[in-house]
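Two complexes follow with chain A in common, the first pairing it with chain B and the second with chain C.
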Partner chain A sequence: MGQLSMYWIFTRKAFLRSSVYRFEVWSRTGSNLIFLLMWGSIWTALYAGREEAGGVTFTAMLTYIVASQFLDGVNEAGTPLWEIQEKVRTGDISLELMRPFDVPLRYLFADFGSVAFYMITALLPLYILIFLFLNLALPTDWITWVYFILAAFLGFLIRYCIEMTFGLLTFFLVETGGIEDIFYFAMSLLSGSVIPLWFFPAWLETIAVYLPFQSIFFLPLSIFIGEIKGAEILTSFGIQIFWLVVCFLVLRFVWNKASHKVVVQGG
Partner chain B sequence: MAVAKYIGLYFKLVSAGIRAQLQYRFAFVMRIVGMVTAYTGTAVTMWVMLYQFQTLGDWNFYEMLFLFALSILSWGFCIILFFHFRSLDTYILNGTFDRFLVRPINPFFHFMAMKFDVASFGQFLFSIIAFVWVSLELQIDWSIGKILFLLAVIVGGVLIQGGLLVIISAFAFWTTKSEQFYWVAMYPARNLTYYPLVIYPKFIQWVTAFVIPFGFVNYFPTTVILEKETPFFPDYIGYFSPVVGVIFFVISYLIWMLGLRRYKSTGS
Partner chain C sequence: MSIIEVNGLQKEFLIAKRETGFMGALRSLVKREFIKKEAVKDISFTIEKGEMVGYIGPNGAGKSTTIKMLTGILVPSAGNVLVNGIIPYENRQENAKNIGVVFGQRTQLWWDLPTIESFELLKAIYRVPDQRYKENMDIFKEILGLDEFLNTPVRQLSLGQRMRADIGASLLHDPPILFLDEPTIGLDVVAKEKMRTFIQEINRERNVTVILTTHDMEDIEKLCKRMVLIDHGQKVYDGEILAVKERFGKMRTLVVDLEEAQKPLYVSGGEICKQEGNRRWIRFNRDEISASELITQISQTHNITDLTVEEPDIESIISRIYQEGFTEPQFV
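And then the complex of A and B:
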């Protein structure tokens, strides 16, 4: 337990650090809103006045995309991929190896801090206003909210494991050009963050269902708008926990390999 | 005479820059692979979104791909010439900007010629393949007039986007920040223009036509080339692209020079 309280210190520190960079919060919020405008307009135009398409009402779809931008804001408030890569390249991360804590865990707890700050100061107030203003289809029973928050949290952890793993690949590949673009592509399309999986062509949906990315956006969002309900929610949690375990093990494996490999660059 | 001198100088500075970049050949190739992957990803997203719906605000997949590719093509040239302007803040903070001021050439020109990013080969590769594919699918009749118009539009698009990068960099003279403005404002705004502007609220369309003239980079010209309608705007508005580019760039240049004067007067 003493261990855990040490990691919470990283959370607190990150929270305080974020409060210093207030310009960062404003700018991130601005860009989040532009993308919300973009995807909101795209889906409005795709429905083109229709009440429903593919069995999903327009209101439900709009709710999906707004909630998705919210989740996107939450997920992007953590340490971004390029920063992990930068820490590997500059050797910052190797220095942390000497310290008495687990590095991936320390970054996760630090992310909790920056996410909490961003949520409290920007995302929550903003999205509460948007949800009130836009007349969206919010879950009516509290248990769905609980399920959504739980699923979103599991998704956050899965995303963290995957992003960290991709970042640590920098240890092995000095040049990571194509790698990060594959990551971002998978994160935006295969996760269902901008297009729900039920609108995919069948073959692509099959691929997406067998990949971990749908756990990050598609599953929590589908719970939120009631497309996944009843017993399906249990299955959905099962899938998420399965992928969390797998992604966590992969992260540990890559981290073990990486921490035993020291690359001296330009030194 | 002065112009000839500057052109000669530009190529000299640029060729040094290219040689420097080609030293890291693997990095160079990986960057190109990465960019092509990223743009292909966006195109695939467009395709998936139209798989069920067929059209987005009256635009089908090929028309949207053309719109997207036109934006990427002019952005490719823009990267070569102006992309490094966004990091002017780093130069100012490190004090390395001062070396552009002590030489007997125009500082704007010198800063511009400092870097020539050849990795935009990825943009060209992607957009040219997309253009050929769309031209075959939509059977676009490429007359001489249309080709000349396309070239003029690319010049206009480079000037508009370059002008915006110049304005963003000029912010650094006042606020010592510029890179961040790029990622906050220009990057998301550029993403907006990958899709036909007609889908956005009228206010946004108006802004992209007359305030930050992104509409003239790809949307308005594409409607001319593909002979599509532009609701809320006259159909011939796309023809103004090159002119808008020149005017916008001159304004940007003046703002930059204004900022530069301020920078000098504050000293270090």
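And then the complex of A and C:
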């Protein structure tokens, strides 16, 4: 437990640190809103006045996109991929190796702080307003909200493991542009963040279903709009936990490899 | 047991060879060639508790690589390292509690937060008890003058302030060993002097073992009794600074300005090592010939308009060792 209290201080300090960058909060919120507007308009146009498509009502679809943008905001408040790569490249992360803490865990707890700050100051006030004033199909029973929050949290952890792993690959590669492309492609398309998996062509849906990315957006969002319900929710959690374990093990593996092979630039 | 034991230490890096041209780029896509670079070839030394040792060498000699292996962030290719009884790279987190590290070139403080926040963070990381934290902070405030900028964000500190904060931060958890990598780089004379006084005090009062890497020979002269000199990844000298000064300090340089510079000058007992216009630099060994004898000798053939005798400082001694090696005869 003493361990945990040590990591919590990273959360606290990261929270404080975020408050230094107030402009970043505004600009990030601005761009989040613009994307919300864009995807909202695109889906409105795609439905073209129809009540439903693919068995999903327009209202549900709109709810999906709004909640997705909310999750996107949460996930993007953590340490971004390029920053991890930068820390690897400059050797900053290697220097952290001489501290008595676990580096990936320390970044996770720091991310909690940044996310908390962004949520309290921008995301929650904004999305509460949106949820109140837009005509959305919000969950009516509290237990669905709880399931959604739980699933979203699991998704956040999975995303963290994947993003950190991708960032740590910088240790082994000279160029990392390709890694970034794969990551952002997977995060935007395969995760179902902008197009739900049920609209995918069958072959692509099959691929997406067997990958971890759907756990980050698609599963929590489907729970939120009631597309996944009843016993399916348990299966959905099962899938998420399975991927969390896998992604966590992969992260530990890559981290162990990386920290053993540390090549400090300019050594 | 010595507090630091380094035995037959080696570290080689593989550096990707960059191919030139379009075909080269294509080739490197499929097959990448590596060049082996031996940063540390074979280094051994031991350091006793409470010692203050200067670890010096020219750029690229392998200083930082050695330090990184001692801190556990680099794994040696061969050889053994023992720091306070721990193998650093196998037990990094344990080792971390025993060492304090200051890199002059980069800070370990949180860039965008007030300085005090970094100290609080480190207090939590190293689990420094409240009482000890307070005592240490009081000392640092007093000697390092941290008070004046504890609430300023690190990014707004001057270099001198930042270094003071950094060295305080590295000592917060009372490590028995302190690694200082160019702790005075970029500081002005006054700030350098303050820094040295503080290091001395810490060494004396807390018996902290200090390993100091620097290019500033004054740091070494003022702080260390012993120095380990390395070049091209190998140890060139390990011993007292005084001994080096004794041995090489006998060398003097007589600088004379001559009237008839075109007339050839021959001196016995000394060596003309440099000439420029009317000026000649003559190196000689104090034990073999005195300056006045040399001057008498020269004045028989030439008119001397001006003269000075230069004593070597440690810096020029060391640069000579780099150029000529330690064991080679020092004088012809």
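Throughout what follows, the second predicted complex is superposed on the first by the 264 of 267 C-alpha atoms of A that agree within 3 Å, B and C clash if a C-alpha of one lies under 4 Å from a C-alpha of the other, contacts with A are read in each partner's own complex, and residues count from 1 in each chain.
One rule holds in what follows: a contact is a pair of C-beta atoms (placed from the backbone, for glycine too) under 8 Å apart; a residue touches a chain by one contact, two chains touch by 3 or more.
For clarity, every value in this text was computed on a predicted model and none was experimentally measured.
Chemist: In the superposed arrangement, which partner chain does A:T121 touch: chain B (first), chain C (second), both, or neither?
Modeler: A:T121 sits against neither chain B nor chain C.
Chemist: Does chain C touch more residues of chain A than chain B does, or is it the other way round?
Modeler: Comparing touch counts on chain A for chain B and chain C gives B.
Chemist: Tell me which partner A:F23 touches in the superposition: chain B (first), chain C (second), both or neither.
Modeler: first
Chemist: Tell me the contact category for A:T59 with respect to chain B and chain C: first, second, both or neither.
Modeler: neither
Chemist: Now for A:D181: first (chain B), second (chain C), both, or neither, which partner does it touch?
Modeler: In the superposition, A:D181 touches chain B alone.
Chemist: Looking at A:T44, would you say it contacts chain B, chain C, both, or neither? Reply first, second, both or neither.
Modeler: first
Chemist: I'd like to check the shared interface: which positions of chain A are touched by both chain B and chain C across the two complexes?
Modeler: Shared contact residues on chain A: none.
Chemist: Which positions of chain C touch chain A when the two form their complex?
Modeler: 11, 13, 16, 39, 64-65, 68, 71-75, 92-97, 99, 101, 103, 106, 108, 110, 112-113, 117, 120-121, 124-127, 153
Chemist: Applying the document's contact rule, which stretches of chain B touch chain A when the two form their complex?
Modeler: 26-27, 29-35, 37-38, 41, 44-45, 48-49, 51-53, 56-57, 177, 180-181, 183-185, 187-189, 191-192, 195, 198-201, 204
Chemist: Over in the complex, which chain A residues touch chain B? Could you list them?
Modeler: 23-24, 27-28, 30-31, 34-35, 37-38, 41-42, 44-46, 48, 53-54, 175-182, 184-185, 188-189, 194-195, 199-201, 204
Chemist: Which residues, counting only chain A, touch chain C once they are in their complex?
Modeler: Within the complex, chain A touches chain C at residues 2, 5-6, 9-10, 13, 16-17, 20-21, 92, 94-95, 97-101, 174, 260-264, 266-267.
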